[in-house]
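Residue numbering begins at 1 within each chain, and the chains themselves are lettered A, B, C and D in the order written.
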Amino acid sequence: MAIVLGPNRYGKAETRLVRVIRDGDTRSLADYNVSVALSGDLAATHLTGDNSGVLPTDTMKNTVYAFAKKHGVGEPEEFALLLARHFVTTQEQVETARVSIESFGWERLGPHSFQRKGDYTRVASVVVTAEFEQVVSGITGLVLLNSTASEFRGFPRDEYTTLPETTDRILATAVDARWRHVSAGGDFAKSYAGAIEAMTAAFVNTYSASLQQTLFSMGSHVLEKRPEVAEIRLALPNKHHYLVDLSPFDLANDNEVFIAGDRPYGLIEGTVTRDDAPPAPAGWYL
Amino acid sequence: MAIVLGPNRYGKAETRLVRVIRDGDTRSLADYNVSVALSGDLAATHLTGDNSGVLPTDTMKNTVYAFAKKHGVGEPEEFALLLARHFVTTQEQVETARVSIESFGWERLGPHSFQRKGDYTRVASVVVTAEFEQVVSGITGLVLLNSTASEFRGFPRDEYTTLPETTDRILATAVDARWRHVSAGGDFAKSYAGAIEAMTAAFVNTYSASLQQTLFSMGSHVLEKRPEVAEIRLALPNKHHYLVDLSPFDLANDNEVFIAGDRPYGLIEGTVTRDDAPPAPAGWYL
Amino acid sequence: MAIVLGPNRYGKAETRLVRVIRDGDTRSLADYNVSVALSGDLAATHLTGDNSGVLPTDTMKNTVYAFAKKHGVGEPEEFALLLARHFVTTQEQVETARVSIESFGWERLGPHSFQRKGDYTRVASVVVTAEFEQVVSGITGLVLLNSTASEFRGFPRDEYTTLPETTDRILATAVDARWRHVSAGGDFAKSYAGAIEAMTAAFVNTYSASLQQTLFSMGSHVLEKRPEVAEIRLALPNKHHYLVDLSPFDLANDNEVFIAGDRPYGLIEGTVTRDDAPPAPAGWYL
Amino acid sequence: MAIVLGPNRYGKAETRLVRVIRDGDTRSLADYNVSVALSGDLAATHLTGDNSGVLPTDTMKNTVYAFAKKHGVGEPEEFALLLARHFVTTQEQVETARVSIESFGWERLGPHSFQRKGDYTRVASVVVTAEFEQVVSGITGLVLLNSTASEFRGFPRDEYTTLPETTDRILATAVDARWRHVSAGGDFAKSYAGAIEAMTAAFVNTYSASLQQTLFSMGSHVLEKRPEVAEIRLALPNKHHYLVDLSPFDLANDNEVFIAGDRPYGLIEGTVTRDDAPPAPAGWYL
């Protein structure tokens, strides 16, 4: 038996970049949080401290800023591809580059003025090797709520089951979703907007017998509307709203007064895919 | 010398309430986080453990939910006043009730569907005694950015000063503001909307020589537009955006590429008031 | 009626400083988060953007680092005083300097190795003017729990009261405390250690009829043991542990199985003081 | 082409459990945060809303509390196995149960009194099917720092590299580690303590040419000392401490005064394994 090095990677996480673009008196801005992770022939530094293959993570940070100037940033998927291709092609020992970007939204208030949108965050994550390029887009923190049109009944009961069945409850979740693109090209801005719209419409319009049913509806809606998406993963916390028992105060509560619970919460996770989708070349995570 | 009890209070913090209101097939909702603090003749429980004057904090929580059903919630200021008056008038030993509410915004997506707005949080805080009622409204987490029209120069330099003067920088802040109302009545919804609009307009339209100047402009704009506001306090972190030095890469950086810094940050705090404003009857805090 | 500038201050918040001190092969370290706020004759920058009295917050940051080298950091109270005196004496327009420090603890693992202690944070906050110096010490995040020896009964009941009386419950809190020193000198390390010890011992040894009683016991214990402390303020959240109803599963629950609740929570706040304590020259906050 | 359901699971996350155990007048306690995720034949609820196979997540929560009473909680790995086996064996449609537990440490202050240790959190995560049982233990949030005995040099330089080589720097990290056990039995308390001790000793005693070298040293040390561990994964952020340039103030800085940086940070991730370790039967994540 010997102790050996297994899979590994390293990089610079959370490089905070704001890129201002001028067009006459009007300015626009991109607000990105960029994380780079490289893997390849990196055994030496682990085993002997030989750093001859370890491009400094400080250099990755510099590259983010320099590329933002030289090439502009474009859509997050595009900027991530640009960076990932650079590391794979210029660093011989690097076989795989993974670049992830969080993009924070800003709403225009004037020619040079903005208000940050805090409602959700766009994410993009790409993996590039000499053989393939994989692009995943996504969203985190989109909180949706239906105040009715949600049931939960017909479930099995065991000796630890006390939950009553319900035909009318609040259904609320904070959408965390990632979808893998068929290819590494395309109109990522339009694709992103369309995916959000499809997911949101499905949430709103599904009469829900379970959050699982809503999840599948959201995922399949995205695949129906967006042919460029191969598969989608969703993680949907069930943000429980508990009906308050007001009977001690001689008050009825006809689904009017709720406790918004913190913990615990249900957590529903699922993938929706196409039966002819090519397999993902690299691991990807929600 | 004797050891004695000084000022004290107690209550239930962060009761999470969601109130659904139906109007035919359309539903609306209020999403509040309610904190209650009572003070008065409470020495006995501290000194001897005699709880005969200590209304349980659990009862305060129950009261929040029962009142939400019985009376509805209205604007946060109104619901806070309703609760505070109840505790002062029904509990003999309670002299002062302080009720604070965070109100989370939701955007309508359909007759019964909503998306949470994460951009900022509305707050209200009232103090009620037998003698007076004080109402404070406010906001937290409104992030604003001007990508130009901001300078910082003409400042004194001592032996530890290395900062260069600048005539063009990004100015960004996360607005935390509270404003005290002249009276405990009025149209709080309209007042709130107007105050936000006035603050935002002042931020956008002020050519800023310092964040202090912007702060005063924001505060005075609110007082100009809203006669029902007696005074306003603002705490504005200077969310620094550092220009990246790209010269090692033979690249210019004409205010295009910035590091969004985390810590440290400048913090500018100030009050704007009317010279004839009546003094605040109770302490209030930003 | 005119709109006028009220109280204001500005400064640099959260300058993160790690200071390494060598003693032969052994090194020790101080890990501080320093916030500076200055006030005085600062109307001009607010009203006209004239910055001739606005020492840059960047300079405050530089001063923190330069002073850490020149003078060392000592106890947090001492370093805060050093900085505050500097700003008041060297900047004519500055009347009041407020310096607050969070100090993060590290446990020694070897001559140059350390493990961060995450259990609680020491804080110090000083105010310096030409007339006085005020020193406040404190702690945040010390979580204490008694698994028995806590009651809550004998409380008043109104129509919204459903809480049963209890003679045996878990009592848990996260101690947030600040205490004001009689003078600006003394052995702050010993004082701090003694205050923590006194508070903790009082929590452990008090058979508690209410968290208020425990609060007063903790505060008075500190004043009894530490003559250098004039008064102490405590904010104690009641971290509720709810007994789980296991009767649906034909199981008893003799104070064995609890839900650790998040929100809401009780919040007990109080001051313990000496009847001959001189009044605080400046405002101070828990 | 058809749209189909892919991998999915659901469960109750973050059930907060405090279990008090009495032994005469002495009490001890376990403080767990338990998350359950089940997968198996769950297509119906996704596709048609048929919940006949969906054991409510509320029941999972009840089971956590009931089992804590009936069986006690033991070590986190044991309690996780107990719960996971229950769901797999009693719910026909469930093929795989994944149970993860965070365990928060408490230090004894008296027979019934405790202080929460905030320095790091123990975690355990098990996967159970009819075919296998997989146990992973771990830790999160252990912050370690060497104030010297760390270099970083000999690295490649490209056109974006500006970092100087260093032979003396602070090396600090927040250890996030998970290790997979060879079998589902054993003395988990002793194993856990031994793994922490091995990792910490390796961090302290390694003269480090790179954080990668330290990572491999930590991982291999655990495998050397703990034969029950098959492989270990570590994610080590490089918590950068930047030397402050004090030359503008005519001060030297011989590794004495540092800025503790927030973002960006290096992130070093790696696996250390045995060359004869059996493959993991289920996916596991750091």
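Just a few scattered comments:
The rule is short, and it goes like this: contacts are C-beta pairs under 8 Å (C-beta built on N, C-alpha and C of every residue); 3 or more make two chains touch, one makes a residue touch a chain.
A quick note: this is a predicted structure, and the numbers were derived from the prediction, not measured.
Common partners of subunit A and subunit B, by the touch rule above, are C, D.
Set side by side, the interfaces A-C and B-C show unequal numbers of C-beta pairs in contact, with more at B-C. Chain centres here are Cα averages; for subunit B and subunit C they lie 22 Å apart. One finds 31 Å separating the Cα centroids of subunit C and subunit D.
The mean-CA centres of subunit A and subunit C are about 38 angstrom from one another, to the nearest whole unit. Residue positions of subunit B touching 2 or more other chains: 16, 62, 66, 160, 162, 248-249, 262-263.
In the complex of the two chains, the subunit A residues touching subunit C come out as 159-160, 162, 248-249, 262-263.
The residues of subunit C lying in touch with subunit B in their complex are 1-16, 33, 35, 37, 42, 45-59, 61-63, 66, 90-91, 152-158, 160-163, 208-210, 212-213, 215-216, 219-220, 223-224, 231, 233, 237-238, 263-276, 285. The touching residues of subunit C, when paired with subunit D in their complex, are 16-22, 27, 29, 31, 62, 65-66, 68-70, 106, 109-110, 112-120, 141-149, 170, 200, 203-205, 241, 244, 246, 248-249, 251-253, 255-262.
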